[in-house]
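The two complexes that follow have subunit A in common; it is paired with subunit B in the first and with subunit C in the second.
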Partner chain A sequence: MTSPTRAARWGATIAPIALAVVVAVVLLLLAGANPLESFKLMGEGAFSGWTKTGITLMAWVPLVLAAAGLIITFNAGLWNIGIEGQIILGGIAASWAAREVGGPGWVVVPTVIVVGALGGMLWALLAGVLKTRFKVNEIFGGLGLDFVAASLAVYLVIGPWSRQGVASTSGTDLFRDEALLPTVSENNKLSLVAIALAIAAVIFVFYLMKGTLFGLRLKAVGRNARSAFLLGIPTTRYMLGAFALCGLLAGIAGAMQAIGFHFKLIPAISGGYGFLGILVVLLAAFRAAWIAPIALFFVVMSRGSTQLDLRLSVDSALGGVITGILVLLVIMGGGWQLRRRLKREAPA
Partner chain B sequence: MILAATWSEFWGAWGDVFTAASLASMVAASGPLIYATVGETITEKAGVINLSLEGSIMLSAMTGFGTAFLVNNVLIGFLAAAAVGAAIAALIAFASIELRLDQIAIGFVMTLLAVDLSDYLGNRFVGEAGPAVSAWPIPGLSDIPWIGKVLFDHNVSVYGSFLLVVVAYIFMYRTRSGLELQGIGERPEGAFARGVAVNKMRYFYTILGGALVGVAGAAFSLDQKLGWREGSTRNLGWIALAIVIFGGWHPIRVAIGAFLFGFLQVVALKMQPVFPGLSQVLPSIPFPMMILALVVVYTDWFRRLGDRYPRLRGILAADPPSGIGVAFHPE
Partner chain C sequence: MSLLLEDIHKRFGAVHANDGVTIEVDEGTLHGLLGENGAGKSTLMKVLSGFIDRDSGRVLLDGQELDLSSPKTAIRAGVGMLHQDPLVFLPLSVVDNFLMGSPGNRILNRAEGAAELRKISEPFGFNFDPEAPARTLTVGERQQLEIVRLLWLGAKVLILDEPTTGISEIQRVDLFATLRKLAAQGMIVIFVSHKLEEVEELCQRVTVMRQGQVIGETDLPTPAERLVEMMFGQVLAASDRPQVEHGEDALVLDDVTLKEGNLMVPDLSLSIAKSEVIGLAGLEGSGQRTFLGGCTGLVSASSGTINIAARDMTKRHYRDFMRHGVHYLPAGRLEEGLVEGLSITEHFILAGDDKSFFVDWDAASTVSKRNIEHFSIKGFHDSPAESLSGGNQQRLLLAMMPPGLKLLLMEHPTRGLDIESADWVWTQILARREEGTAIVFASADLDELLRYSDRILVFFNGRILKEVDARSTTGEQLGYLIGGKEPE
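Let's turn to the complex of A and B:
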């Protein structure tokens, strides 16, 4: 084996991260901000005080749920760009349940979450059927369904579910208290139910991909659908299964957004966590164990740069720029290593 | 939708859609979409998917306006925008061809990155008033009643979009190089066997297509919605990607798709008093249309219809280039 040495492997992991830090420092200097002070402010923006920490963690939950779902579809070789729409549909379905289902909290909240999950699953299966039955590429089918879902959310917010007398895009009425996730304290969004769901999702996906026949076969489908089919794996059913599970988790993410973060339906209910989740999974190289810490890093960057905007008036898009450059450098670094290995191994 | 309208209001608004002024605004508004869709058509014909359109257009719109604002020159703004689009496309081609990375992955990352970059770097241009493409009614032609107003009372940016459609069509279907372009997208192995430098050509057409996508950004910020603010071109890139598919990778049909979308926008604008909320929902319309087009092409009855009337099939729909999205390696 001509595998690279341990030092070289570490170098390949550290180099893109170091480069991304350098880029971040340059961007901050260009904006006239002190980099060290800025990094400190970003950390404080995400974690100073329980209220802020609560918000950060509640932003982490839907991102982890989305990324966990995407691990499944990516391993099946599917580009589930429709995840954004699946989160939105989850949010819409959850909002419907939160508005319609009556009773005490311990009945309503689980019902809302299940209905949200089913909403996301339905939307994912639609993309799945378009792909398996009608040969519509999941990227374009999913993208299309994203926009349809987003329009549906806007329509509901300004139309049938608009607040009494006003049709504004700021959202529906707040849900009743029984429909909201129980929080740790009065003025903190943090909900242990949400955190538990996110952790459960990571464990579930990790186990599914590592320790089950379903996961193993799904990977075979992802590697080479045709060979998998010839080996007797019902590829269509496996692909639909991957879509359904991903949609389920995305739907829960939407439900968390609705009853755990905004407490109402807003047009941008997905919070962009679907697309961001794709970046998380790309950076994690499709491994479930990495998504929780990477998602936390993404959320800290985003929450922290909002703080930077307020305090140093450095545009809050900086967080997105830094994470974007990091992902770009890491995957290009991976490609570069592969290229060098292929060159070395190629017969002279 | 809240139906507070009477029939007479509805017909009044419908009539307003077809005035020369409103159709002229439709033609002008389609300009950026035409640059982007024809550019992406060229790229995809060569077998490469540049998924980054949403980000490319956004960043080039910002760069185009920002540069034109700083140097007070529209042409340099357009060139800078084209350079940004070309650079992103070159990166995607490099990552796909040299590093063997997934075109979708790199395109997707560039989408999100370019959107955030436009937001971050464009901060200082928000709210500034800068130069714009100046009007230039074509002498003589613009005096033709109605048609002159609709088609020939615009500016160089809009005429350029007409010209691009015609040139792209002639190039693709009437020249040897154009056939070669289709060859490297349909059957790269075959083209390679005939001595075509497939990857070199893919670099070329991806960068050319990317430059046109960049021009689309400038055509937006220097001609349509003047100036820059965060998210100025939101959804334009995704819509362009949908229209390329809806138009079946054919420059003329793609342009018709862009006009159709412009037409829907005008309809939404005029119907706003009759159907409030329509303009909120409208941007999603190309997507169900795209999905429908893809589904219809696949159905049995359409295949049978196409076998019986080949001409009809040619007009209505097309399959994607078969080598699309797959990197080609000579070994």
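Let's turn to the complex of A and C:
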């Protein structure tokens, strides 16, 4: 009796992935590239050699951090579109600390990360206060704050923090060595500190949602704020708490971008990992355990597709197209499953 | 011309909202459809106007079966519905609203539309400025606009769903005059209401529904008690239940005025003793819910003082009320009580008094299993709340109540439950009463009110019309009071 439903469940999980592969193959063929060769190149683009692997993993870190934060806000029923801005503010705050705080690396680096985290948290709380106090939907408030944050980054890069004598959007001066994350080797960006932070964030969010009263109450607020309120849960405080924690993780992501990837502040410091994080979490169906592998897949797709551009002159946007289609198909699969279930449960 | 609804069935999950409804209405009749909230009137009218699909049954106009698969086909077949909140687009102009539902994809001709609007409005004495934004119209005028629009679209049957809810007395009189005119022109007008008085005043014939079925049909005027009996059912004599000594005051309201939305419940002064059971009677929306909100801190008093067990709770927050032994169970079990997607165990954790940061899942599921057995909830410790039946949801909610309550407030504690579950619910509530908890409950079930209350407060139009002793009151008297009339 359970077998057909199990088959259906597996079908709904695998079918969209299979379909996405088919779509990818078709797109590659249309672009005049050999699909098999393309997939091989994408893998190579991401992982051939230590340096490339290091870059891929350092791109994975902020995406995982952002996705981990979004698990918290999604469970609280919040669409934290403002996460892009929170990452940017994290990057800006971290950059400020990296430029201003002196001393040896073991003092500066932790300070920079903490300041970045606070910057992201502050920006998230702003969206939270707009929602809870002024009834501004978090999607609109967040989107507005995203633009403000992005503009602030541009202003700082070409204005007060511009390089000596040049006002260019290519970024500020490189930070001092003491302010940068320690890397595994001279010409590899890979930093074990960053990897450890990403893994810690996943474990933290997993246990927060699974094993704590805070997580359970947050779920109650997200699923039915009215019932949660009547059960005596201070819903406003919990929503703000979710914003704060998500902003904290987003801020760390911004700090990682600043002192672990670009080594300076650039206007596009967020790397788009906030929006990408939303896709990761949707694909993971809001479960913390899944975000690490899914984020890796996304990063491989985006880093690998630059290789397609270089070697096969297929536009590198293709990676984005494929991941986007995959998310759409998975969500559609979920909706299809839900419809089927409702139909089954409806009385004849 | 006559309208025939034949053996209409509609189910929503386990609820049989329309259970074989057959109604016939003749040309030129003002026909009332009366029943308490949840009787199935709105469902029936939504079926008739194409908003929801029926499961089975036929609708015939003049012997012709009608296609009612959508509101669009329904109006084409001549059935138009005026909703409780008129379907008016506030930012658009009057004439744009008028033309909104016009068939075809023709380019709008506003001048023609304005002329048509004037032509149809004139006989009724309606006066619209076609260019004025609909926002500037009163609710009564929006209804007029909607009626004119439906007439223009060719409505032969006009359904009005609780049309007097948001309008003033003067507007109501105007509306009734319009409806009489329409009926005089040969139209079928179906007036849906739970207000006895209005149906008596306006209609020539009335159908009474209860629990999804037609209970009876009669020409008007008819004695009100007959309608009350049809609406609420035969009321049995109050059973003799053990007398419990009432203690000191559990709740004291002194000159309290409550305001919620546009409903005002003014000048409440009363005290309720420990172990006392107070029933709140009245038609839905007469102020009972606001009253309960006021006693839990959900609705803040704009004046007066509220004392719970000799502690001043005026202007205090809901959670302060909770901390001081007040518990509230609203009517919507899945909307305002339980959380969809969370398991029984998770509900017990949320309601429990263990506030430690880490959840001890083993201990929690042990507690949960014990409660499931003790409260005989049909479900497993990991069953999500929405998978439980209504009766078991109510059992879960009662099982989640903390011990030692001073005041327990409930809305429709047994609505939709079978007799066994309803009895079980009351056994639990009365056990609380023995512990000294004061009970206040709102109900639409006269039998329940008379059987379990010590005193009954009858609400009418946002006021306590009368306070009666449940022991010396009959169902008939209570029915009169609910309808806003003092029994002779």
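Definition applied: the second predicted complex is superposed on the first by the 344 of 348 C-alpha atoms of A that agree within 3 Å, B and C clash if a C-alpha of one lies under 4 Å from a C-alpha of the other, contacts with A are read in each partner's own complex, and residues count from 1 in each chain.
Basically, a residue touches a chain if its C-beta (ideal position, glycine included) is under 8 Å from a C-beta of that chain, and two chains touch if they have at least 3 such contacts.
None of these values were measured; they are calculated from a predicted model.
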Superposed partners subunit B and subunit C on subunit A - clash or fit: clash
Partner chain(s) touched by A:25 [first = subunit B, second = subunit C, both, neither]: neither
Which superposed partner A:232 touches (first subunit B, second subunit C, both, neither): second
Contacts of A:324 with subunit B and subunit C, given as first, second, both or neither: first
Contacts of A:193 with subunit B and subunit C, given as first, second, both or neither: neither
Superposed model, subunit A: greater residue contact from subunit B or subunit C: B
Partner chain in contact with A:114 - subunit B first, subunit C second, else both or neither: neither
Stretch of subunit B penetrating subunit C in the combined three-chain arrangement, among 117-125, 171-179, 243-251 or 315-323: 171-179
Of all residues in subunit B, those that touch subunit A in their complex: 1-2, 51, 95, 98-101, 104-106, 108-110, 112-113, 115-117, 119-120, 123, 230, 235, 238, 241-242, 245, 276-277, 280-281, 283-284, 287-288, 290-291, 294-295, 298-299
Subunit A partner contacts - residues on subunit C that touch it in the complex: 11, 13-14, 318-319, 322, 328, 330, 335-342, 346, 349-351, 355-359, 361
Interface residues, subunit A side, partner subunit B - complex: 27, 79, 81, 130, 134-137, 139-141, 143-148, 150-151, 154-155, 158-159, 167, 169, 275-276, 278-279, 282, 315, 317-318, 320-321, 324-325, 327-328, 331-332, 334-336, 338-339
Interfacial residue positions of subunit A with respect to subunit C in the complex: 211-214, 216-217, 219-220, 223-224, 226-234, 346-347
